[in-house]
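Shared between the two complexes below is subunit A, which pairs with subunit B and subunit C, respectively.
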Partner chain A sequence: MSESEYVIETTALRKRYGRKWALDGLDLAIPRGRIHAIVGANGAGKSTLFRVLLGFTPPTAGSACILGRDSRCLTPADRGRIGFVNEEHTLPAWVRVEAVVRMQRRLYARWNEGAFAEVIGHYHVLPEQRVGQLSRGERAGLNLALALAQSPELLVLDEPTLGLDVVAKRAFLESLMYSSAAARCTVIYCSHQMEEIERVADNLVILEHGRLAHMSAPEDFCARVTHWVADVPFKGPQPAGVPGLLQLQRLDGLHHYLVLDQDETFGDFLRGCGARSVQCMPVSLDRAVNGFLAKNHAAPAAA
Partner chain B sequence: MARTRALMIQIATGDPRPIGRQIVEAVRMKIATGELEPGDQLPSVRGLAQQLTVNPNTVAKAYAELTAEGWLESRQGLGLYVAPPRQRLSDAERARRLDEAVDRFVHEVVPLDYPPATIQARLLRALGALVPRKRA
Partner chain C sequence: MWDLFKAELLRLRLWTAAYALAHLGVLVFLARLVDLAQQPLLVYRVFGCVYALSGLLLGLYQIATYRRPATWLQLLHRPLAPWRIALALHGAGAVLLLAGIGLPLLLTAAGQALLTARVVDVRHWLLPVAAWLIACGLYLAGSYAVLGLRRAALAALVLPLIWLTGQASGAAAIAMQVLVVAWLAALVLIVFKPDLEAPPRRPLAVAALALPLQLGVYVAFLVLCFALEMLWIVQGSHPLNAVTAPAGGAIETDRMDGRQRLLAGLAASDDPQAALWREQVALADVLSVGGQIDRVLPRQALTNRAPMELDDAERRVRWVFSHDRMRLEGYRLTDGSRVGELGVGGDAAPFAAPALPAGTLPGLPRGDALLIAGDTLYQYGSETGRVSPRLRLDAGEPLAGVQPLGDAVAALGTQHLYVYDGRDAADATIVLTPRLRIALPGAYGDLAAIDLVERVDGYLVSFAFTAQQSRPHGALPYQVVLAVDDGGRVRTVARRTIAPDFPALYRYRSWWFSPALYALRTAAAERPAVPDPFQATEAAPIPRRSSRWPSRCPCCPCSPAPCCCAIVPCRRRHASAGCSPARSSAFRRWSRSGCCTGRTSGPTRQRRRMSRRPDRSRASPRRCDLARPSSPEVSCMVSV
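Here is the complex of A and B:
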């Protein structure tokens, strides 16, 4: 079995739906181990990336490898090494829990009953229940338990906690961070919830318009973004001329700038534009990611 | 044999300070106020991670930073302990910083026009509040 250094590797990956490029030259290399969060605006290409990586749909151009294998020709054995949980938690509604578990146990050679029990124990799921009778949180728990019990090398989670209540969400995060099964695999975690990402992620990957926009530890990304408030008389500098500008707001006569990769010289720039006072402060991860994505987010044409 | 002391700290998401930084600052404050004493054992990486619902790697990094700064020491196979206090600055540097701080203080206080005795009394009271709290 090949032991590649990267669990996911794509080169110039492109995928087109009609006139639209969902992936537009994506170069991504995610190293083995730890928990990686992927964020992006709606339509940034996250779900398409997973569909291509898991071989559900072929790329239009470029290459995609998962666990060192070409995504277009994954064998059942390769798939056994990958756990996948998506936001829909899709299992047929009519099937009983015990039947699903029996089937999975037979399908996956490295099935780990202990791991299954460890995760499912957080939820009140009875073996004789049908999937359709489970709540959303219980279905999420069942899916995660099934995925972890296969002892995967790579666990891919697409918005796994969407719509879960606070207790189910916490149980889910705990299973992810502290269960012994999860400790042995690389986790790719796709979410819009910054609060979760801050607690969970070792590494933050930002996709934008089907391309890689940023990858680093979350706190390093946070450090790239700063919030400046300046007292600029009249209109202030043209937004197009403001270096690294992500967001601009005028509040109570003060100009608020959210900027990327600017040091103290940005203060000099503002003073050069006539600012009477200039103040700078760090921002939270939520604010940093929000500002970053807002810059190129779709918006109706200005009136 | 020292037992693990509870580490009563809180972290907040949505704060400009990353969670790792919040842990480092909270532990330092506990040591500075005497709530944690030299020789006290800290929770395990996994234990504190679960207590705060954060990634164990975040806690491990925070502990490593505190150890590098001399606040904590690791005992082989036993875990992490609060290190005995040692001077973290040279004598000359300490004296220089104190001079600077006194200077700043005097400049701020002079224009307020209080009698020196009042200022001294207030200062003593403020410093008194910093004395390490006794454990219950």
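Here is the complex of A and C:
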């Protein structure tokens, strides 16, 4: 099979559950290499996208390819090239760690013992322990170690740090970032934790309502979002009239505007609206993404 | 795959060990009390149900734990074909069932064979296999119910029902079990794939799923019919639980005593002597003849319909029939030690067919017992300790039962009723020869009662064929009265057509919903089985369109005739015929009175007048004719 330029490629991908569209015409092309973070509000379609890509849910319309193969026709060999770690870290609880490792070792032709040892070294996991006896963080680490030892071409991590404490989360991220195996494959990292994404991601993909809302490097996205603080002595401009407005707050008599794709002219706009002083500040990725996603978030009609 | 298999074994090993120990404990306990190899069919069915339930629960539990989306993804997203993963999981399940169900049974059979003098035949060694296959079948059905398409999830549970309705025995029964288990395994393999909601696409897979699905709908319909019948019973108008059976019907005939049945039969006779016979019947003793065996017992049948053993109270010995040896094997009731083997005659020849105890006859020495084996009646003599043949029916005709008939002895075969001289019955050395041979005027499977009175020069015999009145494969109920003289000449003196108590719609409910599935079900039940003369019936032709149904609509002149039970189709048909029945005064009357009331138009009323039950229809004019046999409305619905 010829190697595709993209590890993931979807065209007008749609998936409907009942009356609701989980994916609504998603056009996405993720190139090989690097760590790509996929973020989105709950219900944005991230997990559905992974299920469709791995062939566990059929798309309602459109096409989805993973490693150049139609997701509906994945062979066992294709699956061997794709690692997957989900948030539940589901491994058979009654099996010993050594048995799980032995099973995976036999199953994957390109098993990399060094990569496994490199990752599992971050955790205090004993081979004779049963999976059910491991803490959630240790299970996450074991799962990551198993996935990286498979030497996958593509590693999909679906909210892998969900429910982990700060220490376990840090251990997980470090084992991912400093793993040589991870460096050799394309990683799709799905998370709601922006500080994690800020640390690990080279590319940021934002999904909103089942559609691609944004794709760029995280710092590029941060650069698009700016935070303006204006001292407006009266009511200020109508929100509908504020260009690129993502979020508006009034704190201590000051108007805080979070806007998208606005340059210095936005300061002139505020001044034109009566602002006595205007200040522009950069925003963190967390703030930028939150503001971006909150813009179109559902709210009651009265709000 | 091997690792998955081992992991799955590991997962449930403790539960399985506990189950196996408990199972073995129950079996050993029961084996201490009774001979488990000689239990009536009900006991085997109870055990079978427990194994089936165990398999079902294992299937539901084991696979349901993998069914959650994240777990399913983790299980199947690996470089292993889904069918191999399925094989690993279900192979482990099958091994666990073998350990929990098959092994304790096998140990019990081995214990019985090695440590006791009880009979353990090949068929008993097959019982653990049968039990394991039952459990495996339901295990796979449970697995499919979890994994299959939501609307078709329960369809797989239909396939094991074939075991309940099937009549196969011995190796054929095992073959049927293997077939069903293989089918269920194929269904599980078809649905065991990443996308559980995707329907199968390959033609073979579609066919494999479609048949149980259609059978499921068919069974659901029959269950619905059963539920409606329960409502009918609750409502109190069901013919079987009504205080008074419908007049002139089969239930009324069944509830009559022998004298009443004979009189009812003679009432339909136009024989010149009928009046005289009626007087005789009113005064004479009426005797009844019945069978003791209702199914043929093939050699090496897995289960007994009844224990195949007889006790010699004098010697304190129990004789048990062995299918392997085709002889009786005895052990002492006092200490359980083996006594020996008992065959036919002095040279202990094997029986020609499996022998079942058949009680005794008046006049036989105390302690003697009778055995029925195929076409022959044997007598076990407690004094001589021998088995000798006492009577043999013609040409291998299976013997259903033997009983005293006044001074004579009657033997009922599947084709004839034989009468023997009772004086010779007590002498065990004499093989009886029939004095009279009366051919049954119908099929044995339809036969419900035989009543007779002795005349000066013979017998007056009534045969009531009402047994299958509510089933499509039997004869419509009727009664025949024969006059038999001592010379063996038989004359039919009356043939009474008995009104069915159920409408054709009820009788053919399992047929009309799907003739094809009915045929399939019948074939699946009967084809693998040994033909059973005890079940032979003379099926009445299925009514396609009643000849009594008028060619013209009773309420308007359009044609073809409508169905009066279904007002909407009737209207539609009228409309399509281009007439307006609403303008017909008869139609308006009919609409006002409701469907199938006593106030119908001319032809219907005329039919009712001709009916034998005018009082009933007058007493409940609004009663639906569903409960009325032979109603033209029902016939019409069937033809529709």
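Quick note on the criterion: the second predicted complex is superposed on the first by the 300 of 303 C-alpha atoms of A that agree within 3 Å, B and C clash if a C-alpha of one lies under 4 Å from a C-alpha of the other, contacts with A are read in each partner's own complex, and residues count from 1 in each chain.
Convention: contacts are C-beta pairs under 8 Å (C-beta built on N, C-alpha and C of every residue); 3 or more make two chains touch, one makes a residue touch a chain.
Since we're looking at a predicted model, the values are computed, not measured.
**Student:** With the two complexes superposed on chain A, say which partner A:108 touches: subunit B (first), subunit C (second), both, or neither.
**Tutor:** Second partner only, subunit C.
**Student:** Between subunit B and subunit C, whom does A:126 touch in the aligned arrangement: first, second, both, or neither?
**Tutor:** neither
**Student:** Considering only touches as defined above, state whether A:281 meets subunit B (first), subunit C (second), both or neither.
**Tutor:** So A:281 only meets subunit B here.
**Student:** Subunit A residues in contact: does subunit B have more, or subunit C?
**Tutor:** On the superposition, C touches more of the residues of subunit A.
**Student:** Based on the superposed arrangement, let me know which partner A:117 touches: subunit B (first), subunit C (second), both, or neither?
**Tutor:** neither
**Student:** Could you look at A:294 and tell me whether it touches subunit B, subunit C, both or neither (first, second, both, neither)?
**Tutor:** Neither subunit B nor subunit C is touched by A:294.
**Student:** Of the partners subunit B and subunit C, which touch A:12 in the superposed model: first, second, both, neither?
**Tutor:** A:12: touches no partner chain.
**Student:** Thinking of the overlay built on chain A, is A:86 touched by subunit B (first), by subunit C (second), by both, or by neither?
**Tutor:** After superposing on A, A:86 lies in contact with subunit C but is clear of subunit B.
**Student:** Considering only the touch criterion stated at the top, classify A:77 as touching first (subunit B), second (subunit C), both, or neither.
**Tutor:** Only subunit C is touched by A:77; subunit B is not.
**Student:** Once bound in the complex, which stretches of subunit A touch subunit C?
**Tutor:** Residue positions touching the partner: 51, 54-58, 72, 74, 76-77, 79-80, 82, 84, 86-88, 90-92, 94-95, 99, 102-103, 106-109.
**Student:** Can you list the subunit C residues touching subunit A in their complex?
**Tutor:** The contact residues of subunit C facing subunit A are 3-4, 6-7, 10-11, 68-74, 76-81, 194-195, 197-198.
**Student:** Would you mind writing out the residues of subunit A in touch with subunit B in their complex?
**Tutor:** Subunit A reaches subunit B through residues 34-35, 170, 173-174, 177-178, 194-195, 198-202, 218-219, 222, 281-286.
**Student:** Considering only the defined contacts, which subunit B positions touch subunit A in the complex?
**Tutor:** Contacts found on subunit B: 13-21, 46, 49-50, 53-57.
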